[in-house]
Amino acid sequence: MSRRKTQITSDIAWSTRDSIVVRGLSLPDEILGHFNLGDMAFLELTGRRPTPQESIVFNAIVITLVEHGITPSAIAARMTYLGAPESLQGAVAAGLCGLGTRFVGTMEGASKMLYEALPRSAVGTGVDLDALARETVARMRADKIMIPGLGHPVHKPEDPRTPRLFQIAAENGLSGDYIALMRHIGRHAEAASGKSLPINATGAIGAICCEFGFPWEVVRGFGVMARAIGLVGHIMEEREKPFAFETWQRLEEEALAAHGLTRE
Amino acid sequence: MSRRKTQITSDIAWSTRDSIVVRGLSLPDEILGHFNLGDMAFLELTGRRPTPQESIVFNAIVITLVEHGITPSAIAARMTYLGAPESLQGAVAAGLCGLGTRFVGTMEGASKMLYEALPRSAVGTGVDLDALARETVARMRADKIMIPGLGHPVHKPEDPRTPRLFQIAAENGLSGDYIALMRHIGRHAEAASGKSLPINATGAIGAICCEFGFPWEVVRGFGVMARAIGLVGHIMEEREKPFAFETWQRLEEEALAAHGLTRE
Amino acid sequence: MSRRKTQITSDIAWSTRDSIVVRGLSLPDEILGHFNLGDMAFLELTGRRPTPQESIVFNAIVITLVEHGITPSAIAARMTYLGAPESLQGAVAAGLCGLGTRFVGTMEGASKMLYEALPRSAVGTGVDLDALARETVARMRADKIMIPGLGHPVHKPEDPRTPRLFQIAAENGLSGDYIALMRHIGRHAEAASGKSLPINATGAIGAICCEFGFPWEVVRGFGVMARAIGLVGHIMEEREKPFAFETWQRLEEEALAAHGLTRE
Amino acid sequence: MSRRKTQITSDIAWSTRDSIVVRGLSLPDEILGHFNLGDMAFLELTGRRPTPQESIVFNAIVITLVEHGITPSAIAARMTYLGAPESLQGAVAAGLCGLGTRFVGTMEGASKMLYEALPRSAVGTGVDLDALARETVARMRADKIMIPGLGHPVHKPEDPRTPRLFQIAAENGLSGDYIALMRHIGRHAEAASGKSLPINATGAIGAICCEFGFPWEVVRGFGVMARAIGLVGHIMEEREKPFAFETWQRLEEEALAAHGLTRE
């Protein structure tokens, strides 16, 4: 007996002879010239046009994720470009492969933690956020789970992106229970650990994504799309002011010397 | 004797305790809340802020590249997500790997062709663009090289993105010799081949990139960064309305049947 | 105050003017002509030469993982090749990105489960494997965790690779407590669920990897290296007998029809 | 009018309830326990079982490509693993993306050059290989094309892999016109340039691939599949003796210092 086929379908976009439609809007007529790239990403992912306020906040959070200087991801992209300069897309792909649990993952972790503590249906019902934060911190510490979105190895005493992102969210009507809860969690985590644990950019973005109501699973996607832009920037710089070759040579020489050898 | 070390350096971005600088601008103070994502990409890649006119045109060309419906690249990303749903970044990376010579490459091909015909130093010197186009078409046809940026398998008689992109460029002072040259090339190619060869979106974008003065090598990068956004969109849809599994099953069944076999 | 540097070093391989050493052996003199590719993989990963018996078993488990027909991973590789035929490496990379938790992950899951039930230090101490299996199955069922390495959607009543792999392991002195434990687990899982749950190839390989004493974290690596071979095979076939383009066209047409549209 | 469908088919492998067939052989009965991994790769790619002599030579060439110490590709894989340790497959994929024209490409370049000079139909027809080599070198020098497969930055005066690979080929009846032609080309290139240009390992392997009659397009695939094994080895070492984090820190500190900054 034969398997029942299911329908192949996609609601994102389609083209015919004379039309190109993305999320129900005509690309030439309703999108080009009217949207900026952040709005287009919002449309692509949510299926609707952002409000002017959402546009400002969403562009800000994605922009924050574009460029973090010399990261492992940028180094991987540059090393890949050294071997395959004809394949810029492969170098970007290599850089993206490292956007996993260690770096970009904390952002989705923050969103997930906030949603688990405060489901969307409970927003605005007068839940005691301070008590909720205290419980969340206590439970995570008991389970020895690191609280995502807090602390930073370099930015001290605070991450300069966080107050600015929260300000932009507040000015545009997107500062509600989730940002408040994240702040309470930060405060309780500091009290419990005795360490300074400022909310970092991934924590701020994770909280703002909850204000938008984005599912936590999509949050990593924002980091991935934004970093693709940054990686193209690094590859362009590598073309003119390379450091991949020099890095490779140094590593190989040092490793050889560790075995008492030289190449010559 | 020892190798001379070269300096490791990058001018894109850096962070200290209390500052984060991208291309010379303070990320929290001068970028967040002031830039949209397209402007940020422009800053990242060129090292300067776009003018308001450049911002409109640049956002339009990158937005055009975000989403093309069900492409081989989107299918590859969805297939990858099916096997590794925990690694959204890997699915996007897999999709990007296919943005090579066949699709996105025609855009850089168009820019390269235009720069080779008309070096930037010759712009505005009163070169006869019509004659230049005739020679370019004749030479490429003699060498049996396909002229990039012309014709489209679906959009007929014209690609609806092209007039709109050229209009946006013209309204913002970015329609000069390169767009004119591309139009002449299209006309001569049609005359020489006897076929309808409208300028397609990759040809239009390739020409506009020349108006900006972007090196042709970076042009593919715009496609890669834009498509990363589109691929995140496809993976999000695959989570809720998947078609990768169904596609896989159909392909396997048909290939099995071609050998006279069934699974059962 | 300055960070303390740590030494960059690698014990895998190095080259000087006249020598190339991999894992302490001269590549030209001691490896080439003496090793097969499976032995080389064993050397690369364990740092030692396999015994003749280990060579037979290790080659068999890795060979099992090379080729599984039309898989999502092979489809992703072929789609990528369609877009970037100049970048064979990118097509293989795209295919590998999907070797995540869903497919290859069950193999490492089986190894992990066996090591957690029976640490290496407990092997040969006369533990009651039947009781251990009963507890393991009961605990996993209580926690609603799927037992990895059991059952197969196609191969019924048994996976034909499993008895053969276990036979090869037994003939070469590599069938001990872990394979026995896996069999007990299979039996108890069938009894508890009332369903037929034969040990599949990933379960068999997971158990054999425990017999070798490989850390469970490396097990996915065997799948990745083996599948790279298979993916090169699929890309070579795609060059001569392609199906990526046809698949793409069908998907796009069906999705368009679902919206009541045609391209023409 | 509707598009004509083409048949989806693959001759590589298929499975039914009780059988698994790869290239016409039963995996459990005819492959497992009888093949080594190199033979399996040969079967996968050529569709036939290697002869005992072919097995020795093919295993040797693929083994040569497994491990080259600390390469840009290995560095990219380790950097990726640092960010996404849960995705070993992504780290291998990132490393493979760099196997492009710069490194592995010379091998396919050598095969292509040899086939263009001496088509397979001309083998054994008594062509003057010395004259052919002289012309090939002269033409490539006139066109300013680098002759692939000659010279090595480290191995001097000769690459120790080359004589060994040629010896293994000769001992197994696979040393014919193509290896002879490669040697003539090396000699003429040295005479014309006045520099020492020994045949390197990629040149030797490119020539041996021609002896096998492999299409030059598949040659890069051997490098890709072999290096996947080496990259798994590097990721396993990175787990226990990492150097990615230290490398990242050093690069970031040096780049910061170049701008007169420190993190603190």
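Of note:
Should a chain be cited, it is by its letter among A, B, C and D, assigned in written order, with residues numbered from 1 in that chain.
As a working rule, contacts are C-beta pairs under 8 Å (C-beta built on N, C-alpha and C of every residue); 3 or more make two chains touch, one makes a residue touch a chain.
Keep in mind that this is a model prediction, so the values were computed, not measured.
For A-B, the equivalent interface among the listed pairs A-D, C-D or B-C is C-D, as over half of the contact pairs agree by residue number.
Here the spacing of subunit B and subunit C, counted between their Cα centres, is 37 Å. Distance between chain centres (mean CA atoms), subunit A to subunit C: 31 Å.
Within subunit B, the positions touching two or more other chains are listed as 8-10, 14-17, 69-70, 84, 86-87, 89-90, 93-94, 97-100, 104, 154, 243, 247, 251, 255, 263-264. If the chains shown are joined wherever they touch, the resulting network links each chain directly to all the rest.
Considering their complex, residues 1, 3, 5-6, 8-20, 22, 27-29, 31-33, 35-41, 44-45, 55-56, 59-60, 62-64, 66-70, 87-90, 92-94, 96-100, 104, 154-156, 160-161, 163-165, 167-168, 217-218, 220-222, 224-226, 228-230, 232-237, 239, 241, 243, 246-247, 249-250, 253, 264 of subunit A touch subunit B. Across the complex, subunit D meets subunit A through its residues 69-73, 75-77, 79-87, 90-91, 93-95, 97-104, 154, 243-245, 247-248, 251-252, 255, 263.
By the touch rule above, subunit A contacts subunit C in their complex via residues 7-10, 14-17, 84, 86-87, 89-90, 93-94, 97, 251, 254-256, 258-259, 261-264.
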